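Chain lettering (A, B, C and D) follows the sequence in which the chains are written, and residue indices restart at 1 in each chain.
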Amino acid sequence: MIKVLFFAQLREQLQCAELSVAESDAQTLAQLHEYLTGQHPLWAEFLNNEKLLMAVNQTIVKVSQVLQSGDEVAFFPPVTGG
Amino acid sequence: MIKVLFFAQLREQLQCAELSVAESDAQTLAQLHEYLTGQHPLWAEFLNNEKLLMAVNQTIVKVSQVLQSGDEVAFFPPVTGG
Amino acid sequence: MISIQQNDFNVGDEYAALVANDTAAGAVVTFVGRVRDLNLAREVQGLQLEHYPGMTEKSLQEIVAQAQSRWKILRWRIIHRIGNLYLGDNIVFVGVSSAHREDAFHSAEFLMDYLKTRAPFWKKELTADGSVWLDSQEKDQQAMQRWE
Amino acid sequence: MISIQQNDFNVGDEYAALVANDTAAGAVVTFVGRVRDLNLAREVQGLQLEHYPGMTEKSLQEIVAQAQSRWKILRWRIIHRIGNLYLGDNIVFVGVSSAHREDAFHSAEFLMDYLKTRAPFWKKELTADGSVWLDSQEKDQQAMQRWE
């Protein structure tokens, strides 16, 4: 399984903080994205935001990133700490 | 009279912290310099140091500065505080 | 050391820890970020600070490693508060000690610029009109890009 | 406020004064310069700090006025110690508060660069081989010229 996390404004927009996806449905980050918007049409508007950042195992990566079972994936808006 | 001050290494080299000079002997900073080295030949070596800074009434000035009675003149090495 | 915490910090104590028994530290720079009353002309009453536990610490460690490869740093300290914070509260502390002031100033500023653009924290502002997620600012991206 | 004093200062107290009752201060930078054990490869035991009373305060006021014309500064504080100082002792404190971190970082660094090259203080180092007046350093002149 792949663990998927959403943070901040995105978490509120999707009304979801965390879910799991079978690795067969998400061999790359791009595929995971496609899978999520397919399963949740209402999420597409928010997940298609070009500014969103994606991390795999807590490192920011590109959408071409290959995924494997046990990965922790996170989607979140640009950061605003400090 | 013009009050003349020396600081730090220069004060130690000249073995003098403060002296007074009649304004007639020092109408400009350049004249004051000439007067001092004339009166104290042993000082020339130290007062001719190109790196020395000069202040009149606590503001750094150039050697062409005109002097008047009551002025406070200071000669000192480049600063090293902080 | 990196701390992500709800509790406040004490600048005097942090300064003391940065220099304790270290006579090589000729220069110490500290930065504190605080909740201020006006942000982009909105009247702010407070902030809610969310973070991504685990990734926060990891990204800050990477930022520190980058700073250490660029400047000679003796000791460093990063504290970032989370949860609900109010007007005038401390948000973030960055402290660096070094032999020379250039290293201390530049590494502290670098750490803040990177923290602002790379560490997964998000601020929700509480104003009289309700709460609103803060947008990232172009000027922070530009500040970060100076170092590249 | 500018203080030229023999006594030590307390960084925590100075930070508290910079932000007390000021919810506009989103960013506070402090710098502390200390007596360190190695300077230009000489083993330093202490320093004797001489200054030009009156001109010191005047030149620092002028430097602060310049900083205020370049950056938005809310509060500032400069303390410079004089007399005999020993390994690990604090020498100088510069603190600036501002709404934004760029103003706080840059004005604090500017104040230090100018203080180092324009304010009439002189250090005599005490080493095992005797005492020696410190030479001004080219890198300090260069640091100052960045701002011109």
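The rule is short, and it goes like this: a residue touches a chain if its C-beta (ideal position, glycine included) is under 8 Å from a C-beta of that chain, and two chains touch if they have at least 3 such contacts.
This one's a predicted model, so the numbers in the text were calculated from it and none came from an experiment.
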Could you work out how many touching-chain steps separate subunit A from subunit D at minimum? 2
Whole-angstrom distance, CA centroid of subunit A to CA centroid of subunit C, is 26
What whole-number Å value describes the gap between the mean CA coordinates of subunit A and subunit B? 73
Return the distance between the CA-based centres of subunit C and subunit D, expressed in whole Å. 23
Among all residues of subunit C, which ones touch two or more of the remaining chains? 33, 101, 112
Hey, what residues on subunit B touch two or more of the other chains? 82
State which pairs of chains touch, listing all of them. A-C, B-D, C-D
So, in the complex, the side of subunit B touching subunit D is made of residues 5, 7-9, 12, 51, 55, 58-60, 74, 76-82
What residues on subunit C touch subunit D, complex-wise? 10-13, 15-16, 19, 22-38, 87-88, 99, 101-102, 104-105, 108-109, 112, 143
In the complex, subunit D touches subunit B at residues 33, 49-52, 54-55, 58-59, 80, 91-92, 112, 115-124, 133-137
